[in-house]
Amino acid sequence: MTIEYATQIFAFIILTLMTLGGGLAVVTSRNLFHAALSLILSLAGAMGYYVLLDAGFLAVVQLLIYIGAISILILFSIMLTRGLMVPGQVQRNEQWWIAALVVFLTFVVMVVALWQTVWPIAGEEALRAPNVAIGQLGAALVGPYAIPFEVISVLLLVALVGAIVLAREVENHSASADVETGE
Amino acid sequence: MILAQLLVLLLPDLVLTLTALVVLVLDMIWREGSRSQRFLPWVALIGTVALIAVTVLVWPLGGTGGLPIALATDKDFGGDQVPMMVLDPLALFFKLFTALVLILMLLASGDYVRARIRFRGEFYAFILFGGLAMMLSAAATNLLMIYLSLEFLSITSYLLTGYLREDERSTEGAVKYFVYGATASAVMLYGFSLLYGATGTLDLASIAAVLTGGAVPVHWLVYPALIMMLVGLGFKIALVPFHQWAPDAYEGAPTPVTAFLSVGPKAAGFAVLTRLLLTALPNFRLDWIAVLAGVAIVTMTLGNLVALWQSNVKRLLAYSSIAQAGYMLIGLVALAPEAQSWMTGLNGLLLYLFAYLFTNLGAFAVVIAVENHTGSAQLDAFAGLMRRNPFLAVTMFLFLLSLIGIPPTAGFVGKLFVFGAAIQRQMIMLAVVGIVNSVISVYYYYAIMRQMFFSEAADPLPFDEGPGLRVAVGVAAVMVLMMALYAEPFIRLASESVNLLAASF
Amino acid sequence: MNFPFLTLITFIPLLGAVAVALMPGKRERELKLVAILFSVPSLVLALVAWLLCAQRAGEMQLLEEAIWIPTLNAHYRVGVDGISLPLVFLTTLLTTLSLFYSSYTIKKRVKEFFALFLLLETGMIGVFVALDLILFYIFWEVGLVPMFLLIGIWGQPQDRPQYSAIKFFLYTLVGSVAMLLAFIAIYLTTGTWNILQIPSLKPLAGNPALAIAAFWAIFLAFAIKVPSWPFHTWLPDAHTAAPTAGSVVLAGVLLKLGGYGMIRILLPFFPDLFRQFAPWIGVLALISMIYGALVSMAQWDLKRLIAYSSVSHMGFFMLGLVAAAASLDVANPVLNNRAIALNGAVLQMFNHGIITGGLFFLVGVIYERTHTRDLKAFGGLSAKMPIYYGVMLMTALASLGLPGLAGFISEFMVFRGAFALIPTYAIIGIVAIVLGAAYILWKIIQHVFLGEFSEERWQKIFNPAHWHFSLDMARFEVVTMAPLLFFMVLVGVYPAPVLNVINAATTLLLAGL
Amino acid sequence: MAIPLPWWLTVAAALFAIGLYGVLSRRNAIGVLLGIELMLNAANINLVAFWRYITPQALTGQVFAIFVIGIAAAEAAAGLAIIISAYRRRRTVVVDELDTMRW
Amino acid sequence: MDFIFNLTPLIPLFPLLAFVIIVLFTHRHNRLSSDVAIGGIALSTVVAWAVVLATVLSDEYVRAEGWQLHVPWLPAGTTVLEMGFAVDGFTAAMLFMVPFVCLMIFIYSQGYMKLGQPDQDPRYARFFAYISLFAAGMLGLVVARDLVLLFISWEVMGLCSYLLIGFWSFRKAESEHHIDQAQVVRARQAALKAFITTRIGDVLLFSGIALLYSYTGTLTFRDLFRPETLEALQAISLLGMPTVTVIALLVFGGAVGKSAQFPLHVWLPDAMEGPTPVSALIHAATMVAAGVYLVARTLPLFIAGFVVANAPALHWVAIIGAVTALLGATIGLAQDDIKRVLAYSTISQLGYMMIGLGLGSLVAGIFHLLTHAFFKALLFLSAGSVIHGVEHGAHVAAHGDHTHAEHFSPNNMKVMGGLRHRMPRTFMAYLAGALALVGIVPFAGFWSKDEILTEAFHLWRADGALNLPFWVWLAGTLGAFFTALYMGRQLGLVFWGEPRHAAARHAHESPSSMTVPLIILALFAVLFGFVNAPFLGSPLHHLMDKVHEASEVMHAEVIPFNPTVAGISTMLAVAGLLLGWSLYRNYRTGQVEPFQATLGLVFIVLRNKYYIDELYRWAIIRPAVWLADFCFKIDDRWIIDPFVDLVGAAGRAASDVARVLDSGVIDRWFVEGTAQLFNAAGRWLRYSETGHVQNYLLVVAVTILLLLGLYLYF
């Protein structure tokens, strides 16, 4: 058991605490804003995982898109809809305990299944040296993964246009202006 | 594979994408409410017709055997450079299918959109993008591509559902649809990840190869993965118990969108499900046939039973479409590649989908027409339709008969092949349940017939449904009859679209 | 025979339906005329076909065959033999008469009515001529829909027409979907839908359980249509609610679809099973006969009474069929017991079509005038409407099996066969004949025509303002009834012309079993 | 590698479960969205772990994860837009209160 | 001669044509219609007598085998059932009587039916149409070659009987005052009763025919009675008896119904509601005799059964005959209605004929049938004449004082009296008929009845023991006494003593159109007996004895005249006649009847016809009607209505579709049950759609959990 192993294990524990703890906070905290913040914490944990798993580029993506974009978006929309977010208001619906039970059982079952499985772990040297350069990833995205790459770009376009169409503040007089109602 | 070839193979998808983008751009050029705006649907229509043309054009390429669509084939990246998509009969079938859906929808939605919808350009564009997503998902052979295209389809669907911003039902339906869909797809994604872990690849064929190779005992994982994928796809198809979003979303969505939702995602879901199960998990057949058989039974039954109590036609048709999905599933459950009688459940599934396409879209077109003129989709809005607009009443009657499965209509052919497959596989139970259900379904379809023919309208004034709707309904009706009276080409089409899969099975 | 007789007979009415549907709804007179004109060619052609086929009525004739769905090996295959010929003719005849009659009595939504009626005719004829299971099934269902609408739209409001309509629809559908499954199973084992070919292929021979299931599934479909007790309860409602012409065709033809199916499909496909289950089916027949008669005896609604009498009379048919199917009686070829029984059964269908059809017309006659069918409301009419009395008397007597009129011949042959093959059933069945006399004379003749005619009671129910024809049977009504009366007498006095064709076919059929 | 694969998977499963719980129990639509994000991350962790342990030579897992993140972004955008428009219309983002349409 | 025989089909055809013509063309002209009818029957009479003549004159062959003509009628499998006409000695005998009596009665009716009716009453034409049709039926029956034609004619007659009994069963209240309302109701019920009762017999006959056909493959008499056929029928056993016996009994059942034998005799007295000529023609002379004719025709069957296993068929004929003879005669003692008395007398006389056949003697039975036809027709027509006399008297009296107008029945003998002065010609005719009926030498009845009794006596003496023939003879002889008794009573009441009512006082003789037929018939009543008088060598016997020869089971020897029998019966007859006459000739209104005084309670029983009608009403009719209602309720009340309510309740709560559903499948238990099940299930499941998306998702989660857990534990 070398020192690096020890650090890895230590890091793993820390990150796990971040991720799961953050996750728990996300689903339990009474204040939605705090929930969103702890989401960021949890995401950061995940990012750490990626680093630990030698997927540096992915970690960067996580940081930029997830933490950088999505979480912020969420925070904004929370503030947008904060109007009636009276703090201290109950954030759980009445079925939460059933949910908890079911989810826990599912987790147990899954864990059993996961530990039952014998994994086709790759060979030692492969494990030791996962040589994936960023360049390769870029090449892959415009190479074999070009089609999905194009598609996702279109998808993002659609999503953004749609978001604008639905969420854009419309001044109602113009709304009634150009909708000749059928009724 | 050189780029030119690739583009040729992707031609249909490109055409559709292009059309959608053009519509978006034109919408920006023609400012809101200008006269030229009304040409948007025609532009979209032209694009769709073009889609059909190019589909027919590329048919010879993929019509006989699968033709992989991939940019590079070199092995630099650890040998996972397998294609994302394929141009095979099934994919072509669904390209055609999509084109037809789009055409009928565009024809049917004109007046409705003009009357109720803002941001029409985006609306049409989204519908076209939805179609694109359908085509992609039907052609995808890679878990990544599948997930991507299904999400694409879902997101467009969410947006379209919530498109009536001023209508609380629409927005509410959208929220429910979104929450439900996002969760379901997350679950499915988790399932994908497990499958990836179990096999180390995302390509369906390779997955099958690994699993059949049986190098490693990973069954502990495949089954959970199967279930979680089923959640995602079941959500798309609206199979019980993953159906509950459907009635709310259908009722809330703008009626043309409802029509689209009741056909498009279902078809895509079935396409993916079929491809996934047959290509990736053939030797887990026993597992998924057992599960799906159960699902089929509860789907048919629950859909029909609950439909008995609906008084809103859109909601009623939502439940009916749930039940219909149950019938279709029988075809998948009872698939028999070795069948002598042309009744391999798979072609039954496709035939049924095809019949369902015309029938359901036709029915919804009528609903749209009625809603345009009465402003309501409640049952009593149909009162005395026979007097007010015989054309709509008669065609609607035809569609309802087809939904029940009474000859000479398309629905009959679908049921014939599906139940035939079941009987062939000695799954009498399944067939009987299906039969009993189609009898139950009469009760609520009769509710509509009764209103149309037996009750008197509040205002008996006749009304005109408008050219677009007339064409849409007419085409649908003709096809519904055609499929029964001249079934041969349809049967061949369906059979040839699946024989490749069946062979690989 | 290149001339496509059957196709024309079958589809000319369909053309008519389309034509009527396309005509402007305002021009009612023309609509009616066109409808009737479109129904006549079928009648004529059917008659011609009969004459053509009378010689070799045993085997299938006027065969037309065309590949239809190659992948399914489904063909457009039609043909007629001595069993279907009379029924086809019956259909065309009754339809034409119904249209003629309705052209005087139907007031609302004329266009739809006549279009639907012609469509209905196509469906019914199609069933009789189809020789391909899919074709058969399609026509079977095609006939279902228009009748559903006829009952629902033109039914008398006080009879809950919509309820009756959906009931009729559901009952028939339950049966037919079960039948469809059975057909598919048969197809999957034999690989063909050819009705003529399947018997030789011994469908489902390998799988007894499935065979039995299929047998009962098909039986259910036909028994519901016939209708046999206990599947009969749709019938009184449907008949009562339907408009006169609807009841006529319903009783005259639609019930025959079931009977025809039993003879054409059930019996040849599963002769052994049929023999095996004959005792049970025979019991059903007996119950239908006696139960139906008893219930009609208890009726006070004229139309309902006749409806239940149909249950009883179709029970006779089933008894004959059971007798023919019950045994492999070849001991005494001279006696031809089975052939006689089956002849009786087929002829019973024909006669019942003529007679009960006529009875429903006659109910229409009184109903159009008084808008009631309550037997208690009439009385002494024979003094007021002598012609009506005469016609009704004759039809009623034919219905109760008076020798010299049609009903007797078939009853006689049925019982003749039954006595030879299943004596016990025959002896029990005899009761139904007595009861028949009871309800027809006691209820119909006595309560409607005999007794004291009271002017004020009549004034209550009869409003001259609503009736523009003569009080006694109007000319168009007489014209409608005349052909039926003619056939009652013809078949009753000299049945040979009709029986020859039937006989040829049945003997061949039985020989083939 | 110090940490055996199942540990990663277990953590992912736990995160997945937590996210699912959030989806099921949060009253606020945005809260539900948060839960969904957690579930997606769980799946991502799975993917990456698998990539690292099973197909380290290939890119599959990573690329898939990247795409998932992208899709998540699109989904979040669309979802939040819908929620906001609903909020505009109904003045609420509480999921339970969106039940005008039922049986 | 054969060309004459070839005319045979015309015999029934003429009246049939008359019927058609009247119905289609002349029914608006009364006089014309009646002429057409009479013309038709007259023509067939001529032809018929020509045929009779030909038969009598022709050689043995014609009498034994007979002449035939037939057409293929019913294709059955590979065979064809034929139908046709045949003439032999037996037929000839009937052909002599039937058309002639018909003709007489037609003529009589032409006068009779006009009385008391407004002109242009459509009934008049209708009446002649009916009786023409009837005549066609009867003649068809007689010339039938096979059971097919016989049965057809049989039922046609039954129909006409129904129509004619019910002839007064409807009226336009405002226009037809000559019919009283009570009569309408009575006629209606009588007609129905007659038809249904005979129908019971008919279906037995029907079954018999069907059986016969199924066992022999033919229905032609000649073929049926071939020895080999009969042997075959004897060989096969059915229900523990030789088939031939079963068939014979069934056929006899038909005869019992038609000929009003006990226990199916109840319809005949009520049938007197019909017009009097109808009573004379159908219910005395011809139709009721058809049963006897049928038994006679199929006698070989009975005898064959008798021969093979001593099976009871033939015995039953005799026993039923005897019982009926006594029953009718005794009831006849206690009736007041002049026509009913005659009706019961008819019943008992038919019993005599059955006795004759039951003893195996064709000729005895048929001989009585013929004589009875003449004198009973005569009696009825005279009675009709009397009734009309009285009715006319009533009209006359009505002008005087109105006291007697109400509750007055012209048929009631109690109101008559002393009519021999008022209506001499009628009286003479009546007397002749009465004496013939009673059996006084040399009137017709004497010879025929005597032959029957002699037959019985002879068979008894043949083996001495107190066997069946003895009892039959005893019954017959007693019956003869009672017959005389009630005829004496009737004569006394009607023609002697003082008029007991104004109507009788003002009664007067009927027109000659009625009296002339009376006189002609009277001649026959007096003389016809001689056609089979022993001292003339029993010509009738020689005409008929070959008829069933071919069947080889008939004994056809002539039984010599037996003075003992003749003496006893004649003595009793005279005694009875005088007794009845003397007791009643001075009967006064209100005075208790002499018979009642002597017989007491027995008389009450007799007057109430042994309460047989009541018995039937309670034992058969009520249960049948109850059963019908019961079945109807099963269909309608008990199964449906509860569900109407149940479902209706559900429907009010449920949505539009549910209401459709509820009103849509209300039906038997199972359909209903399932429908309710679906409905309830749907309604319950529907609440799973809570509208809360998170509930939906919870369902998903649970599903996943379940499926996974399922997987984990197998």
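Letters are used for the chains, namely A, B, C, D and E, taken in the order the chains are written, and counting of residues starts over at 1 for each.
We take it that a contact is a pair of C-beta atoms (placed from the backbone, for glycine too) under 8 Å apart; a residue touches a chain by one contact, two chains touch by 3 or more.
Only a predicted model underlies this, so the values are computations on that prediction, with no experimental measurement involved.
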item: Chains contacting each of chain D and chain E, listed by label; value: A, B
item: Chain pair with the higher count of C-beta pairs in contact (A-B, A-D); value: A-D
item: Centroid comparison with chain D (C-alpha atoms), farthest chain; value: E
item: Per-chain CA centroid nearest to the all-protein CA mean; value: C
item: Farthest-lying chain, centroid of Cα atoms versus that of chain C; value: A
item: Between chain E and chain C, distance of the C-alpha-averaged centres to the nearest whole Å; value: 35
item: Distance from chain D to chain B - Cα centre to Cα centre, in angstrom; value: 26
item: Centre distance in Å when chain A and chain E are each reduced to the mean of their C-alpha atoms; value: 102
item: Euclidean distance of C-alpha centroids - chain A vs chain C, Å; value: 71
item: For chain D, residues contacting two or more additional chains; value: 9, 16, 19-20, 23-25, 32-33, 35, 44, 49, 54-55, 57, 59, 63, 67, 71, 74-75, 78, 81-83, 85, 95-96, 98-103
item: Overlap residues in chain A, where contacts from two or more other chains coincide; value: 93, 95, 99, 102-103, 106, 110, 113-114, 119-120, 136, 140, 145, 148, 152, 155, 158-159, 162, 165-166
item: Set of chain C residues in contact with two or more other chains; value: 162, 166, 170
item: Listing of all chain pairs that touch each other, if any do; value: A-B, A-D, A-E, B-C, B-D, B-E, C-E, D-E
item: Residue ranges of chain B touching chain E (in the complex, touch as defined); value: 175-176, 179-180, 183-184, 187, 223-224, 227-228, 231, 241-242, 244-245, 247-248, 291, 302, 304-311, 316, 379-380, 440, 443-444, 446-447, 450
item: Parts of chain E lying in touch with chain D, wherever the complex brings them together; value: 686-687, 689-694, 697-698, 701
item: Interface residues, chain A side, partner chain E - complex; value: 93, 95, 98-99, 102-103, 105-106, 109-110, 112-113
item: Chain D residues touching chain B - in the complex, by the definition given at the top; value: 9, 16, 19-20, 23, 29, 32-33, 35-36, 39-40, 42-44, 46-47, 49-50, 54-55, 57-61, 63-64, 67-68, 71, 74-75, 78-79, 81-83, 85-86, 88-90, 95, 98-103
item: Complex contact set, residues of chain C against chain E; value: 160, 162-163, 166-167, 170, 230, 233-234, 236, 291, 294-295, 297-299, 332-340, 343, 380, 382-384, 386, 390, 397, 402-404, 408-409, 412-413, 415-420, 423, 426-427, 430, 433-435, 437-438, 441-442, 446, 449-455, 494-496, 499-500, 503, 506-507
